[in-house]
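Two complexes, one shared chain (chain A), two partners (chain B, chain C).
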Partner chain A sequence: MILHEQQHNDIDIIELSGRFIMADTPEVRNRLNSLIKEGSGKLIIDLEKVTFIDSSACAVLISAFKNMQIKSGRLVLVTSPVVQSLIELTRLHTIFEIIPTLPRAIEALESNK
Partner chain B sequence: MDAIIFTDRKGQELFPLTDETSIALLPLAGKWVLEHTLEALVDAGIREAHVVLSPYAEQVKAAFGNGERWGMSLTYSVTRGEESPAQALEQIQKNLVPPFLALRGDIIRSGELKDFLRKAEKTESAFVQALYGGENAYLTLCLDPLRTDFNSLKWTESRQPVSNQSSIDVEGVVARLDSLKDFYQVNLDAASGELKTFLIPGRQIALGLTQGRNTEAYPQNLKQGIALIGSNCHLHSSVELSGKVVIGDNVIIDRRATIESSVILPHTYIGELVEIRNAIVSGNDLIRVDTGSILKISDTFLLADLKTTTIDNGLGALFNRSAGMLLLLISLPLWPLALILSVLKSPRKPYFRYWLRGNKKELNNFGVPQRSEFSVGEWNVDVPVLRYLPRVLAVVTGDINLIGALPVSLDIASQRIEEWERLADRAPAGLLGPTQLNLPADANDDEKLMSDSFYAANFGFKQDLRYILQAVKSFFSSKAWFK
Partner chain C sequence: MTADINAPDIITLKIVSDPKNVSPLGEAINALCLYATNSEVYAHDIQLAVVEALNNVILHAYKSQKGNEIIVKWIQSTGCLNIEIIDYGISMTALPVAALPEIDAEGGRGWWIINACVDEYYYKAVEYVERERVCTPSSSDSDVFHNSLLKSSRNTLTLIKYFQQVA
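Let's look at the complex of A and B:
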């Protein structure tokens, strides 16, 4: 799995690609934790290039969601069809804000819609 | 023209009817709530719609599919539920080309959509809101999305239009389904033909008595009033119906039962001599709309839920218990070893017991069936295979399955409130499973819950067999013997 970070104004963006599985979770969890702790409270997790995701990886996303809630920030997911179908299967769409593309996610966070 | 249908209400206001389903799938006069909206769209010549879903999205998708049955082409997207319509539109994976119709599919409206569209298309506004009989119909024709005010589509929005200048009033009725009483009343109104544009399924076998296919009912059942009976129902000839009565599909009503001004939801059994008045009955839930009381009837001779299923859809109970017995026999040589190591590690407390939630169901104090607790032991030793050895006994007694989700205490289970958290509860608890076999013992609770949710979403015979093979392989690995 490849992890890439960028910033757009005050929005933190973390882009993941490839297989996101249990072995990757410590690294991603740490990165997300520090981004949420030090960031502005606006975070996009871009999973558009993720080809596979397992339950441990979903648990990392849930932890990030909970941490962001504590900070009263906003977390947005950008998903690939594979990730989207798993999120729907596990009913996580009822807690995550999911936007289809990165530009639209940035737009949503900038306008705070 | 496309339509965007918002069907993302969470449905707390209609609990317990929405405990395990979405408002879109509640039965209303022989059809699902969303079905009435689809039929209105087809009648107005709109054949393509995108449906925005939230709770129990997979159930709605399975029920409506690609919309072919209604002569429509349906696509779907999911949101967290009850978001602002503008925010929900941000999230859908479809390029919207104006003009398009945006409307709610989880409320009921009866009126001529064609009339509204004909009038609305003549205006030069960026958007036009529909009023049915002067009330917000939660329906907007959008001609310019950037200048459209979608707030009137929020289901919590008042019945009045957001802007009088861009609204058109047509004849009709709107019901928000915002309470059990409203749901009850709309059902009765639809059955009695007060909602003019509704297509009511079934054929009339006597004056005021309409029934669906394969239903066994008798003209003498209707003493006075109007009754709409669904498909595959059986009413004894001595049953008495009066007032306005709506009976869903697959309902059985036993001899000399009396139903007056009530709505009986599908898959319900009503017992001999039972009297139902001014109520909604759903399985064994009796909801009195006049008093607001909700009773769970535990006596299955009175009311029963005909669709009650067991949680064990994987390996059969007999197989599980036999496998447990075999496993117990095979594991016998390990028990003295577990005892010795536990005594050496902790002479004062080599063995301890605690309670977990099993798969057997029993009625609680309120008459609600729930999974019961069982007592299980654990050796005080670090070797995982030996530590959890006593759980084999729970497989033998049928408290847990050989393969299943990680058993949890009732306390932990009661903390699972959200829909995604409760998904894991659909799977039976087991001795072995993906969580027990694949996750480290110190994995956090979210990881364990997600692992069980993945299992619950997919479990079945083939998958269970794979876990048995994995368990055999794991038994000979170092992970099973060293922490």
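Let's look at the complex of A and C:
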């Protein structure tokens, strides 16, 4: 799995690509915890290039969601079909804010829609 | 990861318990299933069920201890794939219920996913016990005693997927 971070104005963006499974979760969890703690409260997790995901990766996303709630911030996911499929299977689409593409996710956070 | 081809339709893959080994084994299962079923959807579903099962073995049967043996046996017959995941760790006493946890719970979705991805599954634990019998010159049948001690177990989760080959 490849992890890439960038900022767009006050929005933190973390882009993951490749396979996101249990072996990757410590690194991603640490990076997300730091970004949420030190960031502006606007975070996009871009999973559009993730080709495979399991339930332990979902646990990391849920942890980020809960930490962002504590901070009263906003977390947006951008998903690939594989990620979207698992999120729907596990009903997690009912708690996550999911926007289909990164530009639209940035637009949503900038305009706070 | 090592592989043995025992018969034309049986392939045995072996890894040691380490999360880093799950990914290559998952990819191998995906490739085998794609070859057998010609369906990317089936291959993905079976790979996902196997990855969840391997995660369970590493976390629960081996308590995250690295270096223990995990065997994955891929068995193909007409219109059916059986995948056996074998470990020698702590056995389950019952299969967990395949239900979703509270929506914001971080764990507990693995069996839900396995249940959704395969058609059938079952779990078998074979326990090997050490039995001690102490006999003394004066012993009668009533004072011979046996101590049974669980030495090890061989746990097998079998995942079954039926398929019609896509042209």
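By definition in this document, the second predicted complex is superposed on the first by the 113 of 113 C-alpha atoms of A that agree within 3 Å, B and C clash if a C-alpha of one lies under 4 Å from a C-alpha of the other, contacts with A are read in each partner's own complex, and residues count from 1 in each chain.
Here is the rule we go by: contacts are C-beta pairs under 8 Å (C-beta built on N, C-alpha and C of every residue); 3 or more make two chains touch, one makes a residue touch a chain.
Remember, predicted model here, so these are calculated numbers, not experimental data.
For the composite obtained by superposing both complexes on chain A, the positions of chain B and chain C are in clash. Of the two partner chains placed by superposition, only chain C is touched by A:Phe52; chain B is not. By the touch criterion defined above, A:Ala23 reaches chain C but does not reach chain B. In the superposition on chain A, A:Glu88 makes contact with chain B only, not with chain C.
By the document's definition of touching, neither partner reaches A:Leu102: not chain B, not chain C.
Within the superposed three-chain model, A:Leu3 lies out of touch with both chain B and chain C [touch as defined at top].
With both structures placed on the common chain, the touch criterion links A:Ile62 to chain B and to chain C. Looking at chain A, you'll find residues 22, 54-56, 58-59, 62-63, 89-92, 94-95 touch chain B in one structure and chain C in the other. For chain A in complex with chain B, the residues that touch the partner chain are 22, 54-56, 58-59, 62-63, 88-100, 104, 107-108, 113. Interface residues of chain C, counted against chain A in their complex, comprise 19-20, 22-23, 26, 44, 47-48, 51-52, 55, 58, 100, 103-107, 109-110, 112-113, 116. Chain B makes touch with chain A in their complex at residues 54-55, 57-58, 78-81, 84, 86-87, 90-93, 418-420, 423, 434, 438-439, 443-444, 446-447, 449-451, 453-454, 457-458.
Residues 19, 21-23, 52, 54-56, 58-59, 62-63, 65-66, 82, 86, 89-92, 94-95 of chain A are the ones that touch chain C when the two sit in their complex.
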